[in-house]
Structure formats: structure tokens, C-alpha cells
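Going in written order, the chains are labelled A, B, C, D and E, and every chain counts its residues from 1.
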Amino acid sequence: MKELRKKIKELFENGEVDAVLGYREDPATGGVKAAVFKKDETLDDMVFDGRCIQNLVNYLPTLVARYRKVGVVLKGCDGRSLVTQLVEHRISKSQIIALGIGCEGVEIDGREAEKCGDCATHMSPVADYEFGEKEEKKEPTFARVEEIEKMSPVERWKFFADYFAKCERCYACRQICPSCYCEICIADQQEPKWIEPSAKLSANTMWHLIRAYHLAGRCADCGECERVCPQDIPLRLLNNALEKAVHEMFGVRPGTVPEEVPPLVVLNKDDPDRILEGKNE
Amino acid sequence: MNKWHKIKKTDLQKYVSRLAEKWEVWIPRLVDGKWEFGIYDGARDLDLPESIIDVSLKNLFFPKRRAIATFDENSKWSLQPVSPERRPRIILGLHPCDAAGIEYMDKVFLQSEYKDVMYKNERERTILVGMLCNKMGDDCHCTDRGLTPDSTSSMDVAFVNEGEWYFFRSLTDKGKRIMESKYLKETDEGPTKNEWPAGKYSIASPEEFMEMYDDSIWHELSDICLTCGICTYACPTCVCFLVADEKFKGKGERVTVWDSCQLQSYSRMAGGQNTRKTPASRVRNRTLDKFAYSHLRYGRISCTGCGRCIMVCPLKRSFPQLGARLSERIREKEKERTKVPAESKEE
Amino acid sequence: MANVGVFICHCGVNIASKVDVKRVVDTLKVMPEVGFAHEYKFMCSSPGQELIRKAIRENKINRVVVAACSPRMHLPTFQTALATEGLNPYLVSMANIREQCSWVTDDPEKATQKAIDLVARQIKRVVHQDPLDDINVPMTKAALVIGGGIAGIQAALDIADGNRKVILVEKSPSIGGRMAQLDETFPTLDCSQCILTPKMVEAAQHPNVEIRVNSEVKKVDGYVGNFEVTVERKATYVDAQKCIGCSICQEKCPVKIVPDAFNAGLSTRAAIAIPFPQAVPAIPVIDPDYCRKLTEDKCGVCAKVCPAEAVVFDDTPKQDTINVGAIVVATGYREMDPGIYTEYGGNKFPDVVTGLQFERLVSSTGPTGGDLKRPSDGKVPKTVVFVQCVGSRDESKAHAYCSGICCMYTAKHTMLYKHHVPDGQAYVSYIDVRAPGKTYEEFVRRAIEEEDARYLRGRVAKIRRLQNGLYRVYTEDTLVGRAVHIDADMVVLASAVEPQRDAVRLAQMLGIAYDADGFYTEAHPKLKPVETASAGVFLAGACQGPKDIPASVQQGSAAASKVLSLFAKDTLIISPQIAVVDPTACTGCLTCSYVCHYTAIEEKEFGQRRVAEIISGKCQGCGACVATCKGKAITLAGFSDDEIYEEIVSCK
Amino acid sequence: MTTIELVPKPATIKRMIDESRDVKSYVLEMNESLTMPALPGQFVEVSVQGYGEATFAVTRKSKGDREFTISVKRIGHLTKMLHRAATGDIVGVRGPYGNSFPVDDWKGKDILVIGGGIGLAPLRPVIDHILLNRKDYGSMEIIFGARTPDDILYKEDLKMWESDKSILLHKTIDVPFEGWNGRVGVVPAVIRDLGVKPDRRVSIVCGPPIMIKFTAAALRELRWPDDRIFTTLEMKMQCGIGQCGRCNIGEKFICKDGPVFSLDQIPEHAL
Amino acid sequence: MQIDKEPKILAILCKWCSYAGADLAGTSRFAYPANVRIIQVPCSGRVDPVMIFKAFVEGYDGVMVSGCHPGDCHYGTGNYHARRRMAVARRLLQFVGVHPERMHFTWISAAEGKKFAEVCGQFTDRLKMLSGTERTLARKELAT
């Protein structure tokens, strides 16, 4: 933390950044808040610890429109979502100073977040500066996905339909997701109405299928969608299922390799046809 | 002033069961750890929360999805208004901020040249039986908004939880209709009056807020807002909606669906024009609507201080704090202005 | 909305025997969209079409559904019917109730039900169809030919004769290409230069041909009809306008150690030189790596002796942009470097040469002036082994493909050898002899039977250099099943035909496909042999795959005829069924550009944002980008989301 | 009132007029002896069954209040559906909504009408009204700008107004165009060129937002007071009755308090 | 358990190969179940999985997508992109409980009329083997 503050101070002094996006202690709640630090502001209340669960990448597009150069504090998973943002021309790397922090896991309500148990990326794949330990990489297990995969189709649909039925379509999952940034979300489109506006099982199912599909090969598993869902729909489960599928079929772990093009737009003439049969191989 | 009636707490369930024979009775109940209103079916013991109910009453009067007309795709034109639900109902256990929310919705939907007859019907068929709060929740700030936990405005019947008793009092003729019961005993006693602390975050006047339209502070205030709009869904006085047609197998409905000014799609016009494209402009719209526009339109600011926006916010941002920060800025600006010498003011 | 006319065809009995056409009409005419419904025996007949036209005139229908055979059959017929009445031809939709209903359904009741459903669905769809107008794109009626070999020259001359301007870009100092290096050509043994030189001269003198030698394509923008090509002329240090081609400079130049590319590196030349005597243009070029003036700022003799003051030492590369409507790619091939065949001593043993080097050794304009001598000691080789398939048909080491020309040129080489060294013995080590061309087989037989070439079937295992200066070639004769070795004076390797080194770079500039070997891919292997994935870009010659002179010339002419037929129209008419980006909905992620096979998607500024733009001239309307766009900012006219959605949801 | 205001009444498309490349006008007749008593400047909500609704200014009235005309530029999903319509199709209509141009207050005054593209649609009823009550008003000057000659609407009206001696008409297109011999330049530039004086005049302006903004600036330069510049705003409206929320400018709803405003009634950012 | 209602199948076919293949099935009079509904698209690369999701929600029992065989795409590479998309769509749908037998993604050339008819027949047979609950996901009413 000390080094991080020192580096940020240095960056400000050298004029290398105009603002730094990080986490700030929030005495009112005892938690932390995303915050934009500017040149002459104190960095004393800047923190990085287990409470810093929020993915800050979502703010970057707005910030780079307002500041010439923005520093950003990144956990491993946040860094992965930054990769997608860079590849998809959302943000230009030239406007970003990535401050990667070796993440030892973050918490929700005092307990380690579920995503961290299966985390394979503790350090941001894009980092101009790295701080803290860079833990060794391991492979995610997707244990939760496998549990669902063991169920029968009927059981699975029952499981998800109960959740989908509860969805209020507040789109908090969309808004917090850095990779959901369409000018006009398909859910807001009037004609044709692939997704009807009202919250009912059919339209909600469409929404969750499309959301998951649109994130396939792009989702960095920051888990923010699931965290903010007011109805506690296990959205990460859908994302993870496709993350697992994309890795099994195309050998890609989204966001872990800088400048890697999302697998769903990659041309590969040699994909085996068996992937069309949904075989787990 | 009508007299207080008291009822033993142990009798309340019987009383409600009796009411439910004649009315559709809505009571708060705990679903997945959250309080929301549901139809009383006697299946569970009645349990009334002493403070804020997580889900606002808005959905009961102005549902998230509301079919206003039906049509048949097999004809060129067959749009027919839906017939309204007539069954009388009681909503029991709502709190003063809920009632204040309804009061505001009344202004939007009824005190207008075009009354919303569906809303009006929902109001007319409903007796609001409000329970005054015994305590304030963590995020409650009604005392900042000209309310107190024991305000009874807009309720048909108000009741107070005290010791072993509930004290009931009807406030309207409609309310009187449920006071005839063997369980309710007229009494000269009354509940003790609670003293409530003054508000924490004082806010500026609507006129002062209006002055802030062009201020740069909106960027600061929107810097970390996701503009997800969940606050507007939770808010008892956010009643914006969109109109859409939904179809399935030849049948169709025209529906109103809640919309939110926090979403980019809300103000997007066909062709891409958007008057509220930036997050800052959307946060500004919601803030000013709550603290200024509503007052200028209907004579009352629309924030009831229920605090639900804080409860649901993914970032746990505090709307009252935001209002306070803004008010602080207003005062700062005021100071700056008075410092400016008179001549340069002419410019 | 809309007023749809519905026409159900009996197709004689083809439909009517299974589908109760009357019931289809009766069921559908009550649909709110339908303003007119009728049945007829043959809708595609003139009276049938007249029915539609009449309904447009009299019933004011503004959309048409024809339920008949497959749209692949008669959609254009009905489109024309609409157009004649002034209704946009894209406002018709067909329900396929013959191929996909009456002919595949046994039960008449089910067939009728299905037909009703199919037509109803098409009625719903056609309401969402919008008028589309053919897109007219203006055209620059000039062509660019890249590569000045025989294929390129042929293409350029044919286009020029068709009265269109051609710019022929060649990266070396002269046009002529590989063919100029050859001695005699199979199967007629006529002198290569004798037949090529007149063509080169004709190209140079043709008023419609502009030759740009020493030039390379650097950038290609635009699309069919409207290419903008940046061409760079390398620094040659000789002013081509002033030079009179006297070659005094070449004689006086003291630096004579420059490897001569024209002679396949078998000789050296001066630092300023005309590439070969018949070069077109016959203008010398200075090699800046060797010229002492340019490397050390000394000498400068050439400038002093030049009578025309044409030497300019401060020459620099120059770029300019040319506008053309079509491009013919004829960049040819190169001979594989046999260095990877260390067991053959490729590049190591002086007398193990490649086929092209052998051509130079027997050529009268070659390093030996036409007397065959081996490079190491100038001795006349009495035994020569020709090794076939070096790098070809050898997946493990080089290429899986057959280089196509080697069998024939080796047969030719044995004859040329015999003509030069009548008492010499030629051996050919081969796998199969492939001679499918006209009189090719006879040519090979002649080499064997009349010119005494000895063909040994088998692969050469190793070549060793012996103390006595001979080369021992270890091979086998599989026809008799024994290993043999031949001590030869010289070995000629038929080294594989390979794409040019920068073939892939050029393909990417042009947006054309290339195969795993780097040869350019034609649009269709059978039906579109000279077209490419990029409209307006055509292929000629060996850049598309190994081929001999006749085939290269054919393809050059074929490409030219494609160019000329393209230019025969005044403007380019493009189908309006292409994809269009709504810039207000586009986020600019440009992931669509990754899936576009035609490189039709570019970036453009839109307000403060960057968004994708589809070049209508390049788009072929496949819709891959549409399916990629998550925000639905791309619409494919004719197959829009609107239309497909309606088809999905309106099935009963 | 027995039915919810948001449910429209049927009207039949009587006639369709192709105005320009992407604009069609529809003459709608109310079904079942209903009427649409729209005042100049008022708007209606038109819906297509199954496809929702959109806002259109009433651009002409005919047959008393039984018939009215709207002009539809093909831009969104509903206008796309309307463009596919045929005569005899039925649409839903509700309204009229909003305030109107205070034409009675303008009696005796000179009128300057400034329209850009489809923005001429809400202004045409004012012109119609003045022509109908010609003696009540002073002079009338119309400035109409379109992007290209192909975008010029109401060609017959323009011809009529051109030949009417009591009207001074200026047509302009934004950029030079082959075959166009008339005036070239954007509307604000034309206003500056003409140096239109406020005198005793009121001006009414409508067009794309950017055009309104710069036209207002040009008029102000020419010392027009804000209370004599009227405009009708085309923000996103949906319900038309001040409830759905999206069309607000500050506390005002365009659909209810507008769409007609004089510039002194609205904050600068509304332009 | 078998239910007697014929399963409803949506077949999204590319214009150049598979649609022509379906036409050939007709020309060759290879009968197949009548509940197959064909939608023509220019290329399998045009198929957005959103269409497949919608088809299931709207009540189709099975969805089939077919394009030109790999290497034969009229547009060069559309079917390769389709293959990736369909593979991911299948995994997602299976994961939320759509029975794997309800999707069939394949390649059918313009010459494979017989194959088209066979595929339709076999697909229908497989769907018939599924129980009613195994075929849900579809909505029942407007407001569900």
C-alpha cells in the first residue's frame, strides 16, 4: 500500500496521470468506496484490502473522456476485464496507467467472495506497475458449474427458472458490467423485441440467456453482476459455465492474455465439428 | 378527531383473519430475508416490522408491468382497455413514509388533467391501515424530509404498537369501515407520543437546487454512480414508465412498464438524440427531480426519506448524503458569490 | 399494417394434388394484413404474373406473397412483375409450398395445414420488408496489374486492347518475369525470349499501358470500381526520362561484383546495370549496396561518362496514389531455395544447381554465353542427373503440393542438354511423370526415346561430392527394385514452385484469401477461377498456384476479360441486400471487422466516437457481422432481424 | 372518464402523401364519429397495434375536426411500421395534447415562420390559420430550409405560398446541390443574410434541435427579444400527459406545459 | 413417456447449401415430418443465437441450424464463425436445462436432399422420445 501511494504520488508529480481510480475508506459505512483521486488530494485514505471487491474498470470509459490519463488500481479479475475493454476499443491503453495489485482475495460481508476461491488470476494481465505478491497461477475448477452439470436437464431448468422468475429486470447486472456497454442494449430495443420489456419468465429467460451469451469469451469473472443482483440470481454461474465451455472448446481464458481477440470472433477453420454436438471434451 | 381503539396484540391475527373474509388483506411478510407486502392467507403468524419494509408499496398501486389494453392480432384494430380489479382491499402495516409515497403518486396520477383511472381504481378500492414506526432503521431519514415516524398523513387508519396493545384510530370515513370489530375496544387512553430526533442532513431549498443545474458538481456526484437505476425501482415516488406492446400467439397487450431516468435508453429518441446521455446528466435529473422539480410541480419534494435507495444501491451510496453534499456546495457557492465585488457582477 | 396480396399457385398438380389450395386462400384472406388473395394454376406464367400486376393496379396492394415453388426458382420472376407495376421488387416474398411442402408431405391434411402456416408466416414477414434500391457505385475504368511477368503482360495487353487504361506495376527493373529467364520452352522448344520480347515491347508501346518498374504496391484502399492504391517507386538513381539506354555506365562502372539476379546468381554484374539485354525498359539501375558513390561517396564514374546526365545520386523513393476500378494480381512465383535439402548439397555444392540456374547455363544470354559448362570449373558436364520433386510432394520437408511444371521442364532440360552435349548422358530421378497437357506426353516420350534421357523411378537419398570433383547421386530404381548410384558431373534440382516471399502481405492489403502455402485463393475452385473474395480483384498466373506459361497466359486473358466485362457497365450496380451500420447505435468495438471475410468493415469518425462503417462496394451480404453485433447496430437488408424475428414468432 | 387515457381510439388512414425520401404524410380520419380538435401546435400520439406509439404534431386539419394530417419521418421502429402502411389501415390515436401557439395573442402582428426539414410540420397549422384569418394578421414571411432538394416537404403548399402575394417565402438548402438554383445556406445563415428585423413581429421556429439552437442565436443577434421567439420542442415524449416522466425540462413537462414555448419560458440548456 | 403431439421444429438454413438441400429433398420427393418450419438466411454466419433462444421461448420443441460444409461456405468463412457461436449457444442452453436432443447443428450441402430429410426425420424421432417436461422452457401465456 505504501509503495502504491508512493508510486501514485510520483505519477502525479511527473504529470503522468491526471486522476487515479482507486478505493477510499468510507468512515460512514466502515467500508470502502470507489473513488477518483486527483492531483492535490490526500492519498492517506486510499486503501486496498479485502473490502475492495468492486471492479473499477467500469468507470474507466467515463473517466478517460474527462481526464487525459487515468491511473487505475486493478485486482487480477479487474485486469482481465480491462483486457477486453482494450481489445474492443473501449479505452485506449495510452490513456491508462494500470496499477496491478497482487490480490489475495476479497470479501462479501466479511467472508471470502466465492469467485476468489476459484481465482486463477491474482495479478492483472495488464499492469504498468505491479505491487504485492504475484501468486502462482492455478487452473480454475468451476466446481459450482460442475455441480449443476451433474443435474438432469429438467432439474437444471427448474433451478434456473425459479431464479429467472424472480428477476426484476433492473439491469443492475448490466450496468455494473464493464463489458455491457452497447449504445442501445438489445433489451431496450423496440423492434424486434427479442426481449420484452416487462419482467416475466419468458422475457427474463431471454435476457439472462442473451446476457450470458453476449459475455461468452469476454467475461472476466469479476462477479459484480451476481454481487449487485437485488434478487440474488446466481449470474456468475451462467458466466462461468460459458467460461468453462469456451476454455474447453477453444482453449481460451478470456482476459488473461493482453490483446487477445475474443474467441467468438476468431476464425478457426480447424475447430472440431464435435463441439456442435455439445460434447464435453 | 376520532377516538383511539385498542386491541390486544394476541388478538390482531384474529382481527385480520376476520377482515380477510371480506377484503383482500395485504400484510408485510418476510420472503427470502426481505420484507414485502403479500396477500394475507392466515398460513403464517402475523408479524409486523417496526420500521421500514424493504419493498415499497408502489407495485400495489402502479405495478411494474401493467396491462392497460388488450388486442387481437387477427384484426386490424381491436385495442380494448382492460377492466379494472374491483375487489376491495386493505393494506395493513404500511409505514408513514409509504403513505407519503402514495400521497405523492396521487399528485402525479390524480391531480392531473388526465387522471389515471387504473391507479384511481386501485386507490379507491384500498383502505390504507398504517402502522406508525417504533424506531428508525439504519437508512431511514424521513425526519430530514418533513416527515416523522409517526406522521399519519394519507392513511385511512393509523395504529400504534405499544406494549401489549395496538392502538387503532380511523382517520377517514373509509377507515371507519374496518373499525367495527369485537376485537377493537374504544378507549380514552392513547399511545405515548414519541420524541424523534431532528434530521441529520439538512438540505437546501428547491429554488437553490434549481440554481445548481449547470454546476460542475454533477460530475463529481456521478463519478462512481453506475446509473443502474435500481434506486428508482425501489423508490416509492419514482413512477416513470414506458408504454409498449407485447404479443404472443396472436394475442397482445399494451403495457406500461416501469422505466428509469438513470438508464441511457430512457431519454434516447429514435435517431439517436439523447438529452441525458452522460451519467452526470442522469444523476442530476434524478436528484433535482426529487428535491426541486417535484416541489415546483406538486408543492412537495418527492423524497420521503425511506432510505430504500441506499438499501438497494450496489455501491451503498447514500442519497441523503448526496443531497447534503449538494446543499453544502450550494452554501459554498453562496459564500463565493457574496464575496464577489458588485461591479464585476454586471458582466 | 400494409395491404398484402396473396397468390397461391397450384403448380399444375404439383401443389394442388396435396394442398387444398382453396382452403389456403379462404383461411388467409381474413388475415388483417391481406387485401387480396387469389389462386392460380401457374403463377409463373404470363397470366399468373398479370394477376399480380392487376392486383397492384386495382386493389392497391403494397406487398406481395406468392406461395409456389422455391424462391430459388422464381423469385426473380415475381420481382420483375412487381417492378413492372412500379412496386419495389423487394416487397415480394415467396412461401415455398412445393419443394418444402407438397412434395415432402404425404398426408394432404398435414400438407394443407403446413401450407397455410407457411403462407401466413410469409404474410407476416413481407409486412416487414422494406423497399430497397440497387446501389449504384461510380467506377474508375482503369485497371492495375500487379506483376509484369507473362500473365501480367497478357492481362495488361488484353485490357489495353479493350480500350481501357492499365497500370502495370513491376517490382524489378524490367518486365518479363520468370519467362525472360528461360531458354527454350516446352513442348515446342521455341525460344522463350523470341516469343516474349515482342509482347514486352508491345506493352511498353501500347498507348493504354503505363509500365511502372521498380515499383511496389504499398497500400490498397477502397473497393471494386474505386480502389485507391499507393505505389512506391524505389530509388534507382537513374533518371528514366533522360537515360538513352546506351549502357556506357555499365561498361565503365568499376564495381563488377554484384550478383546477377537475372542469371540466378551464377554471375556478377556492375553496380549500375540494365538487368538483361532485352529488358523493357532498357534503363539501368544502381544497386545502392554496392555502388561506391552511394556507400563511400567515392567514384561517381557513371555520372561522369553518362552522355545524358541521367545519373542522380540523390534519388529517393517516391509514393503516389493511383485510382483504379479493378486489380489483376499476377505476382508469379519464386523457385524454392534448395538449401533445406542439405542431403542434396543444395546451395553448398557448386555444381548442384536448380532448374532455373540450368536454364541460365544453357541460355545464350546466360553467364556462359550459351555453352553449357559447370559452374565450379567450367568443365562440360558429361553426366547430369536431374532430380525431380525437390520440395514438391514432400510434406515432411517442404510442400505437399505438386509444382506442376517440373516434369515438363526437366524433359525439356534433358533435350537441351543433349543438344548442347550430344555425347552426354542425362538421368532423371522421378516419382511419377505428370504430363497432362496438349502434346506434353509426346514431349516427354521424345526426351526418353529420341533424346536418350534415362528415367529412373525413385527418390534421391543423398548426393555426395567425391574427391575427383564428381557428385555421387544415391537413388533407386523402384521399377527394378534396386538401389543405384550415379557419378555425375552436375546435378539439377527441380526445386519447388513457391509463392513470392511477400505474397501474404499483399493478400492482406488486397483483402484476398490465401491458402496454407501462401498461394492466393480463387473465389470458387471451379466456377470462379480468376475471381477472389474481394470484388474487383482478379488472379492470373502462378500466384494462384503453380502453372506453366500457357496456363498463365490463359488466366491473364481470363482476368482481363473479367475486368473488361466489369468496365462494360457505366456504374457498378450492387445488390442492396447488404449490411449497413447504424452509427448512432454502434459502440465502435469493431469486433464485427474480425468476422468480415471481405474486409468491408472500416472505422470512421462519428461525432466524438469511432464507429464501424461497411463499405457497400465490398460487402457481399453474408450477415456474419450482423450476428456478431451485440447491440444490433448492423442491419442486413433483406434478412433483417425484423424479418427473421417475424418468421420465428409467427409460426403457429 | 371511463377508460384510461393511455388507450387510443381508432382512426383510418384515408390518404398517404410521399413528401420526400423519408417523409410520408398521412391523412387520418377518426372512426366512430370521434373528433380530434387539435389547435395549431398540438400533437397526438399515434399507435400501430402491436408496435406501440409515437408522438406526431398535427400538421393540418380537414373536414372540421374529423380529419387531420401527420407527417412521419422514417427514423424509429414505429415510423418504420407507419411507412409500411396502406390506405385503409387503422391506427390508434389519442390527444390532442399539449398547449398551442397563442395565435389569438398574435392578432395584428407580423409573423415570421422559420422551419427546418420536418420541423415545418408543427408550423403548418399556424400558416393555415393565418391564411384562413388573413385580415387579422399583418405580413407573413416564411423561411424554410432543407438538407437537400430531395428533403423539401409540402411541395404543393410551398408552391401555393410562393404564389400568394401576402407571403414572403425563402427556400434554402444546406449545401450546394446539382440542379438547385435557389438559395443555399443553413437557416441561421439565411436569417443573418436577410437581417430579419424584430419590428412588430413574432417568430416561430421549429427544426432539428441544433437548428433551433443556432436560429435562436441568430435571432438574438438581430435583437429579437426572447418573448417574441416561439418554438415547439421535440424532446422525447411518450405518454403525452405529463406522467411517464421523460420529456421534462426542469420541472416542466414538454408534453403538458409545452410543446410551445417562447424562449423566455425555458432555460438555455433546453435548446 | 411419449406424447403424441408432433414436435415442432425450426430449421434455420443457409440459402446456398442447406436451403437448396431442402429443396432437393422436395425435388427428390423424400418425405419428412410436416412440422418442420424452414427459415432461410443468407449464410449460417448470419444466425445469431438470439434467434435460437427466442425459438425455444416461443415454443419450438427443436431447433436446427445448418449451413454449407466447412470449406464450402459461399461467403468463405461464415460457417466457421457459425460453428463457434452455435457451440457456445448449445452449451448455454444445455446448462440452463434445455435438453441436448432439442438442438441439432449440422452441415447439409445442396446435394444432400436425402440427408436433409433424414435429419428431419431422426430429429423428430428423438424429440418424440422426450417427455413433456423435458421439452419446456416455452412460455404459455402472454404474461408469463
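Details
By our rule, a contact is a pair of C-beta atoms (placed from the backbone, for glycine too) under 8 Å apart; a residue touches a chain by one contact, two chains touch by 3 or more.
Everything numeric in this text was worked out from a predicted model, so none of it was measured.
Any chain bridging subunit A and subunit B, meaning touching each of them, is among C, D, E; the list is complete. Contacts with subunit B and subunit D are shared by A, C.
Chain centres here are C-alpha means, and the one lying farthest from subunit C is B. The geometric centre of subunit A is 45 Å away from that of subunit C, both derived from CA atoms.
Between the Cα centres of subunit D and subunit E there is a gap of 50 Å. Taking each chain's centre as the average of its CA atoms, subunit C and subunit D sit 57 Å apart.
In subunit A, the positions touching at least two other chains are 183-186, 190-191, 194, 198, 200, 202, 264-267. Residues of subunit C in contact with two or more other chains: 584-585, 595, 628, 641, 645, 649. Shared interface positions of subunit E, i.e. residues touching 2 or more other chains, are given as 54, 58, 77, 81, 85, 139, 143.
Counting only pairs that meet the touch rule, the chains in contact are A-B, A-C, A-D, A-E, B-C, B-D, B-E, C-D, C-E.
The touching residues of subunit B, when paired with subunit C in their complex, are 73-76, 247, 249, 271-272. By the touch criterion stated above, subunit A contacts subunit B in their complex at residues 28-29, 31, 33-36, 54, 58-59, 62-63, 66, 168, 170-172, 174-176, 183-185, 188, 190, 193, 196-200, 202, 224, 227-228, 230, 232.
Per the touch definition, subunit B reaches subunit D in the complex via residues 68-69, 71, 73, 76-81, 108-109, 112-118, 210, 213-214, 239-245, 247, 252, 254, 256, 259, 261, 266-271, 273, 275, 285, 288-289, 292-297.
Of all residues in subunit C, only 1-3, 35, 60-63, 127-128, 130 touch subunit D in the complex they form. The touching residues of subunit C, when paired with subunit A in their complex, are 584-592, 594-595, 610, 628, 630-633, 641-642, 645-646.
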